[in-house]
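You will see subunit A twice below: alongside subunit B first, and alongside subunit C after that.
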Partner chain A sequence: MGYTLNFNLIWRHFDKLWGGLLLSLELAVISIAIGIVIGLVLAVWYVSAGRAVRTIIAAYVEFIRNVPLILLVYLVFYGLPTVVDIAYSAQTSFVATLSLYSGAYLVEVFRSGLEAVPRGQLDAGKAIGLTPWQRLLHVRLPTMLRITLPALSNTFISLFKDTSVASVISVPELTYGAQWINFNTFRIVEVYLVVTAMYLLTGYALLFALRLVERRFKAAR
Partner chain B sequence: MLSQIIYALPFLAEGFAVTLWVSLLVVVLSLIAGVLMGVGLVYGPAPLRWAVRIFSDTIRGIPILVLIFFVYYGLPAVGLHLESFWAAVLALTLFKTAQVVEYLRGAVGSIPKGQSEAAMAIGLTFRQRLAYVIFPQAFRRFLPPWINGVTDAVKGSALVSLLGITDLMQAINQVIGRTYEAMPLYILGALVYFAVNYALSLASRRLEQRFSFIRE
Partner chain C sequence: MSNAPHQNPALLDVSEVSKAFGSVEVLRSVSLKVTRGEVVTVIGPSGSGKTTLLRCVNFLESYDSGSIRIDGKEVGYRETGTRQRRSERDLAAMRAETGMVFQSFNLFPHLTAAGNIMLGLRKVRGKSNAEARTIAEHWLGRVGLAHKADSLPAELSGGQQQRVGIARAVAMEPKILLLDEITSALDPELVGEVLEVVRSLAEDGMTMLMVTHEMAFARDASSRIVFMADGGVSAVGPPAEILAAGFDNERLRSFLARFRASHF
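On to the complex of A and B.
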């Protein structure tokens, strides 16, 4: 083996990793926020729509779930600008991709959540004279969100890890920072040890925090 | 445009074969390693249980891309030289193994304790209990999520393109580099991945329905 660990160069360039971590979190937060909107709209639409709309939404969900994320990232960043006349930065492109990606997973989460809302609650809403819109807003969605909270936090944490794919289009997030240090200092083992620790600590800290939130909003039974 | 893509088809097919080969290796190797480690996690002594738990939670806590780079760039640094193809297979296998460990733990954990106790009471050895009592029942719980997880191996294999291995993803990028037909080729690639993975997820759903008669 004969490899001596030397972390000095890692600490000297730690700003690359720290900035990268913050950017990874930012990408994940923005993408899940947009993904939640996509997921909610499509899930509500799905449960009330006819066959044609359902087929289209299902096609979107299945397509995204069965294609590698890296291909979707390439497709949006390198492919799309060749057919539509818009210019966007790598970061915008990645956020758009990850939003569409998380949206597809969240449609499924929200759809099953909507179906899990007890029938009696909706009937009760009807009985006290709520309009369909009010029933959706005050009965169905709040209950559904409580039910789906654990799945939502899991999706967020896996999105945080998925932001590493942004490095393939040179978005300077954490994995990109790791590669930069890898190629410029050759302290390879050290940098990946540090980055592994950073992903793990952040991921488990997020998990812990989100579990606290879940406990606070746990569906009353 | 179309003629250029048709001209590239044999090349893309070779890439696709590499994708399938990587996926197959990863799926088979991780199945063996994952089942062994999963049994260790459920039945092993405390130190072994801890080791598997730490392995699984660490691997599942980091992005697969970081794991691939770690193995690919890190192993030569400590004096282990693996061909990039095998470094990629090793990294993907480590990742998938952690998943298989969890599928196995879930499946075995779902078998009521009484089954194990009854098997012990009639004098079966540990191996016999696993082979004749636990595994046949746990298999039906293990199979659907495992097949569904094979799609993750196929999707994950696209990342080996970053190590310069000419899988389907890399073949597509190379053809685009020559023809500049980015959109049609990415869509073609997406459809190929979709066809493979969608078939797998349909199979998984079928099996789940097939086994849905099992009551808790």
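On to the complex of A and C.
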């Protein structure tokens, strides 16, 4: 064997990894923010709509959930611009893809959350004379959010890991930074060890922070 | 006109209401009048349609035929001759005129005791936050929970939650209060505190229609008792008359006999 680990070259290029990590987080945060909007709107629409709308929303969810993320990234980045006349950066393309991707998962999360709100609470909202919109806003959504918070943080953490897929279209996030260092230093073991540690630590930090938030909400149950 | 005989128009007028869930008839041509200030109790075996009747009065359930009027106004359907469901906005406005207290309390879990009471006051009655808070505190005081204004439902006992439920309903100043087996989910030692609140509301002249299994309370607090069986009104009368063992109604007699056997 005779391979000795040497991290010096990794530290010299650490700015690539640090910048990559920040970009990964940024991509995850923006995508989940848009995904939450997509998920909420479609879930609320789903539970109150007729069969036609439900079928369309279900088709969107099923499509996204059954196609590998990397293919969706290729489709949006390479496929779409050749069919329609639009231009966008790799980063924009990836954010759009990941937003649609997380949106599909969150429709399911929010829909089951909305359906889990006890009937009695909705009856109580009706009984005091709230309109359907007020019942949604002041009774159904707050309870649904409490129910779905754990699933929401899990989705966010896996989304953070999914940002690594952006490296295939050269978005300079964490995994892309690792590849760059690998190609330029050939320190393949060291760089991927460091990057794995960075994903792990960040993932755990996020989990810890989100569980704290959840506990705060649970206390307010 | 002033010489016309004194009439006491019904505040609640249920007239020949029928309803079926599929092939099961839960209400069979039920008619019932409640005048202002009256406390009317509905008793009867489970499955006799008591709760469904109550839920029709504020249109939590629709009904297939007949009419339900509060202060002369049809509850769930437009008064255009054709039977057409009111708009959701109209229904919400109609429901704000009735208060309802539920068997399972149904407090909003994310709001404090005061917050539960304030929601309707602010969003439906258009009160300011400060006004709503004052009213909420007044009613919490009335039900003996002034010190729990900022507690969440999860921090309250069942009896306390139910008293908040009552405060939430009456704070809206409804024309009639509907009480749906409000002590059935409570531990026996908590029943008294809730019934005490209902009793004091009755003394204030609040019009109430309640479903209950608390016979002693029904006897003491109601002006009339309605006995329902198989979706229909089987007997109506003053408590002393209805609860008298010799009342000439076989069904009622066997209900009371079974009831006494299981409760004493």
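We take it that the second predicted complex is superposed on the first by the 218 of 221 C-alpha atoms of A that agree within 3 Å, B and C clash if a C-alpha of one lies under 4 Å from a C-alpha of the other, contacts with A are read in each partner's own complex, and residues count from 1 in each chain.
The criterion applied here is as follows: contacts are C-beta pairs under 8 Å (C-beta built on N, C-alpha and C of every residue); 3 or more make two chains touch, one makes a residue touch a chain.
It should be emphasised that the depicted structure is a prediction, and the values quoted were computed from it without experimental measurement.
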Give one of first, second, both or neither to describe whether A:V195 is in contact with subunit B, with subunit C, with both, or with none.
first
Tell me which touches more residues of subunit A here: subunit C or subunit B.
B
Scan A:G50 for contacts with subunit B and subunit C and give back first, second, both or neither.
neither
Of the two partner chains, subunit B (first) and subunit C (second), which one does A:V168 touch, if any: first, second, both, or neither?
first
Touch check for A:L130: first (subunit B), second (subunit C), both, or neither?
second
Taking the superposition on A as described, I'd like to know which of subunit B and subunit C A:G79 touches: first, second, both or neither.
first
Partner chain(s) touched by A:N182 [first = subunit B, second = subunit C, both, neither]
first
Could you tell me if A:V67 is touching subunit B, subunit C, both of them or neither one (first, second, both, neither)?
first
Just which bits of subunit A does subunit B share with subunit C as contact spots?
none
So, in the complex, the side of subunit A touching subunit C is made of residues 118, 120-121, 123-132, 134, 138-139, 142-143, 146, 220-221
Subunit A contact footprint on subunit C (complex, rising order)
58, 60, 88-89, 91-100, 102, 104-110, 119-120, 123-124, 152, 154, 168-169, 172
Spell out the part of subunit A that touches subunit B in their complex, as residue ranges.
1-3, 62-63, 65-72, 74-75, 78-80, 82-83, 161-165, 167-168, 175, 178-179, 182, 186, 188-189, 192, 195-196, 199-200, 203-204
Sort out for me which residues of subunit B touch subunit A in the complex.
58, 61-66, 69-70, 73-74, 77-79, 151, 154-159, 161-162, 169, 172-173, 176, 180, 182-183, 186-187, 189-190, 193-194, 197-198, 201
